[in-house]
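Have a look at these structures, which come just after this line.
Across the two complexes that follow, chain A remains constant while its partner is chain B and subsequently chain C.
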Partner chain A sequence: MNTVVLATLLVIAIQLMAPVLWASLGEIVAERSGVLNIGTEGCLLLGAWASALVLSHGQSLFVALVAGIGVGVLTGGLLAVLYVWRRVDQIIGGIMVNLLALGLTTALWTLLRGDETSGNAPSLPIPLLSDIPVVGEALFDQNIFVYASIVAAVALFFVLQRTRWGLRLRAAGEAPAALDAAGVSVRRLRVSGLVVGSALAALGGTTLVLTSGAGSFVFDMSAGRGFIALGVVLLARWNPLLALLITAVFGLLQALQFQAQSIGWLSGVPTDVWIAAPYVVAIIAVAVAHGTRYPRAVGVAWTGH
Partner chain B sequence: MENALRARALPVVGSVAMSAVLVVLLLLASGVNPFAAISALAQGAVGNAYSIGQTLTIATVLAFTGLAACVPFTAKLWNVGGEGQLYMGAVASVLTGLSLPDSLPSGVVVALAVVAGALGGAVWAMIPGLLTAFVGASEMIVSLLLNFVAITAASFVVTTVVPDSSGQGTQRLPRDTRLETIWPEGGVNISLVLVVLVVTAVAVLWRWSRFGFAVRAVGLGRDSARLAGFSTRSVTVSTFAVGGAAAGLGGAALVLGATGQLTLGLSADYGFIGVAVALVAGLRPLFILPSAVLFAALSVGSNNLQVAVGLPKDLGSVLVAVLVLALLATHVIRLRGRAS
Partner chain C sequence: MSRTSLRPTHRRALRGTAAAAALSATLLLAACGGSSDAGSTGSSSDSAASSGSSSSGEPFKVVVLSDGAANDQSWSNSVADGLNEIDPSLDVESDFVGPLTTADEYQQQGSSYASNGFDMILITNGGQTSAAVQIAEQFPDVTVCQGPISPTEDDLASFPSNFCAWNLKQQDGTFLAGVVAGLVTQTDVIGSVAGGEFPAVVRQPEGFILGARCVNPDVTIDIQYTGSFSDVGAAQAAAQTEIAGGADVLLSAVDSAVRGLYAAAEGAPRPTFVIPSYFDSYEQAPETVLTSVLYNLNGITADLIAKGAQGELGDADGGDEQYFNYDYANLNVGELADFHGNAAITPEIEAKLAEIEGKLRDGTITVPGEDGADMPLSENGAGSTIDPASIGC
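Take a look at the complex of A and B:
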């Protein structure tokens, strides 16, 4: 394997990492607050759709960002109505929200899309560091949304550990009764967890559009990344920094489907094997992480205030 | 009595009205006359013999995937891998049909291909079943992720193992090794009879067998079922196997039907719509049949939206999802959380 192949592999890997990382961060926030959000996949898809839609009408990157977050917040609101207010079963509700997102994005993309082709987001080379051979381009000359996902992971770690909202959010997932006794509304915290989590996942969709080769929306383009995030979160034990590490490995796995042909001893393996690999690894991870204890109240609707 | 009826009927009427309003708003926003769209939908679903036949054919598949959800759901096990199990059934079925020697009587080939479909789905569903029973993995996440592996495997079979010239499907099975047509105008084949038999068999099992009792006992309370001497492990594995076999039969019905081949977009989310079918049937096996016909009508009818009023056919999934979410939100469909 020569250095050009390795460098390309790393560049693609980091780009593919970012959407799964955003989705995982969103899932961490939701699960920490006590909601198992299967709808993350749908949030990702809707975020991608909204960003691609405004870009196809010639709007700026900033508008695309706002559209992505906006759709995420709306979806989070819908999920909050279902899970928190109506106490709908979280698995069934999530599956249906994903079906809704898939149908809606496909239908409305054909109806509403514009003609502008939206390029990729500008890359932001960091001086000096980006000149390091091999890893320089991968790590320090990336799309701004890719940097942002890494910054968000670190920030979320501190928010969960050090802020009042983070502490209460974790309490809502671990011991909602205690939180309730302390006079804090469990429902309100879970609503905020779902809205913030969905917005983060939707940003994954925005990143997906801006790092994909097409630079546009493709039917079902989230392709199960939201579900892989469910496995990542379990393996990372709801820790954003560990999630960053694990999604990097998944990014590398996904990158192999584009680069394995150029790596001598891997070139004989059919591409389909590499396409399936991240899902298989996620399944193995879920099986290995079986002992991991979910936040105690995950999946159980809160019946009080 | 009257109050009880009102309490049950009101949410149903309310949620159907709510979804209708949402859909009409969506139609108006897309600049389409809602009446034209609804009549196009009805035309597409039951307008003539062929469309009625199509609705029945898809209802067959949806009843199979509905069972795939219903059987494990009854034990509070979330099999959301019906889509993948359907694909693996289709793969097993088409490969069996293509590889059996020509010297065998065609009836035997068809029968073996159907059995292979059921086995393919069952084996695939056993992966989450066994991982849940023996390792304690989340059956929901595992079955969900396996959908993507199955679809990739199916696309490998289509593009690499037995491709036809178009690259979009496998080689076609000879006409005499496809399922026998029982209603030529509608293009309905014998799988319709098969699904009625399978659904009835499950209903009988549920009502009168030890297995059915064990499944319901585990669904009502894991610990009490264990104390009563039922093995949660064997219930987990067997409900997944039965559910997977049903989804696999759905895949077999699709590939052994009119076209006689496995194609890349074989399933239009039938595995996921099966979850809706099972929920609207209230997890009662016999109710799966009318529920499947309802969702098949929505799904087939929406194909006509494109031709008649220029709306994308994917609005069909939107319709299904909105209806089920409204029924869930109004607590018409009730599911208690998993018993620990």
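Take a look at the complex of A and C:
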């Protein structure tokens, strides 16, 4: 494998990593607060739709960012009503949100789409570092949304470990009764977890649109990334830094399928095998990690205040 | 997944769940309906028409089920446009539903429309033959047409009498796109990103490389299959791999996910062009789109519906036709869209293209089909193996 092939492989891996990483970070926040948000796929798709929609009407990247976050916050609010106040079963509620997002984004994109074209977000090469052979382009010549996903993983790790909100959020997922006894509202924390988590997942959609979609929306363009995030979170044991590592490996596995189709002695392997490979690896990894302990109160509706 | 997550809650939770389910279902159906409203037209006239299945005085009712939205600026957009081109002298009422992805969705929608008195269901997804046949067997009075597929004689014999198959010779169009690519490429490497690896898709990149080799014996191709027609990330990754390998002209066979190819071409280290399919996509990426391959899907849609309204489809209504194969000769299938003044297209290239297209149209050049040839073009590697001289180049 020559250096050009290796460099391309890494560039693609990081691009494929970023949307899944955003969704994984969102899921970590939600699950740490005690809510199993199966609706992450829907959040990602809605974020993609909102960002592409404003771009199609000639708005700037900043407006696209705000639109992505905004729709994520609204979706988080809707999920909070379902999970926290109405105490809807979190599995069924999440599936409903995903179906709703798929239908809603398709219909509203058809009805509301503008005519402007925008393209991808511009790459921001970091001087000197982007010139490093092989890894320079992959790590230091990406767009702002890809850089931000990596920074967000590090930041979230510290927020969860070192801030009062992070401590309480984890308590809401592990021992909500103790939190309640201390006079802290479990409901309020779970609402904040859902809103922040959904906004992070929606940013995955924004990143997808502006990194791979040339600024446009495509029906079902999330293509299961939100579901992959559910597995990533389990493997990462709710640790954002491990999620960063695992999504990078997953991106690499996905990128390999395209290189493999072009490499002579591997090109004889059926394409379907390469397409399925990352998912097979994910299933095996999740199966191996079956002993992983969820936060104790994940998926259990809180009946107190 | 979770050892604690499935604990049952109480009745209020169940009511909430039911409410959420009802809301989701309502909006999902509204979404499908929205797509169909946006893309559909009912065309009718006062003149009496000899309708296939409809009784006298009733309009002939047809629904088109497709894998994309009516304005996806790709395959389904072209199909939906055909509903506006139905012969106005026929009393036809039409509807469009898309995007549909799974066999279950096709069966559900098809059955629903058939139960509601529709006379014809036209499915424009080559991968849904089983679903289409099942609908046809379930509703013997309804004509079900599905394509593009290339059925064998045995297949045709096994289909229900109210089923019809349709196909189009896509390889003529991608052959011409290949001629352009073979003349434009500076690296002698071209690429194609395709969604599914089945005959109706495989023949597109294979026709593309055969056309390129017709005018440039040194050219080679890198073909990547992503397994998805909507995953822009995968399409971009596949295209980036091809560009890294030297490709500078890429054919898209991924429908709406072509935007991933635009994204890859934007970031390419050398001028790189994309040739989308089905719809003139110049306005989506003016700097990148070289031309588009057009298949007159709108004309095919209108023609099949007109045949249905006149009772010419299947055996059930007196017709005896079960398979319709469209090509340039009978319906202008396989043309290139305008180059929109792209500087890469020199007068010499235009002249050479016109010469090859003339030979293709008059039969001097014959692009292999999917049956009868020594090596059908729907086989992997056929386009790189067939001797261009043997087809008239």
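Heads up, the rule we're going with is that the second predicted complex is superposed on the first by the 298 of 305 C-alpha atoms of A that agree within 3 Å, B and C clash if a C-alpha of one lies under 4 Å from a C-alpha of the other, contacts with A are read in each partner's own complex, and residues count from 1 in each chain.
In this section, a residue touches a chain if its C-beta (ideal position, glycine included) is under 8 Å from a C-beta of that chain, and two chains touch if they have at least 3 such contacts.
This one's a predicted model, so the numbers in the text were calculated from it and none came from an experiment.
In this superposed model built on chain A, chain B and chain C take up the same space, so to speak, and clash.
When the two structures are aligned on the shared chain, A:228 is found in touch with chain B, with no touch to chain C. Shared-chain residue A:100: touches chain B and chain C both. Within the superposed three-chain model, A:211 lies in touch with chain C and out of touch with chain B [touch as defined at top]. Of the two partner chains, neither chain B nor chain C is touched by A:173. Contacts of A:299 after superposition on the shared chain: both chain B and chain C are touched. After overlaying the two complexes on the shared chain, residue contacts for A:12 are found with chain C alone; chain B is out of touch. Of the two partners chain B and chain C, it is C that touches the larger number of chain A residues. Contacts of A:272 after superposition: both chain B and chain C are touched. Once the two complexes are laid over each other on the shared chain, residue contacts for A:240 go to neither chain B nor chain C. Using the contact criterion defined above for the overlaid structures, shared-chain residue A:261 touches chain C, although it does not reach chain B.
Residue overlap on chain A between its contacts with chain B in one complex and with chain C in the other: 82, 86, 88-89, 91-93, 96-97, 99-100, 102-104, 106-107, 110-111, 223, 230, 234, 272, 275, 299-301. Residues 4-5, 7-8, 11-12, 15-16, 19, 36, 82, 86-93, 96-97, 99-100, 102-104, 106-107, 109-111, 113, 115, 117, 119-120, 123, 208, 211-214, 216, 218-221, 223, 225, 230, 234, 254-255, 258-259, 261-262, 271-272, 275, 294, 296-301 of chain A are the ones that touch chain C when the two sit in their complex. Taken together, the chain C residues at the contact with chain A in this complex read 1-10, 12-14, 16-17, 19-21, 23-25, 27-32, 34-35, 38, 68-72, 99, 101, 197, 222-228, 230-238, 240-242, 244-245, 256-257, 259-260, 262-263, 266-267, 283-286. The part of chain B that touches chain A in the complex is made up of residues 30, 78, 80, 127, 131, 135-138, 140-142, 144-149, 152-153, 155-156, 159-160, 269, 272-273, 275-276, 279, 311-312, 314-322, 324-325, 328-331, 333, 335, 337-338. Note for the complex: chain A touches chain B at residues 38, 81-82, 86, 88-89, 91-93, 95-100, 102-104, 106-107, 110-111, 223-224, 227-228, 230-231, 234, 270, 272, 275-276, 279-280, 282-283, 286-287, 290-291, 299-301.
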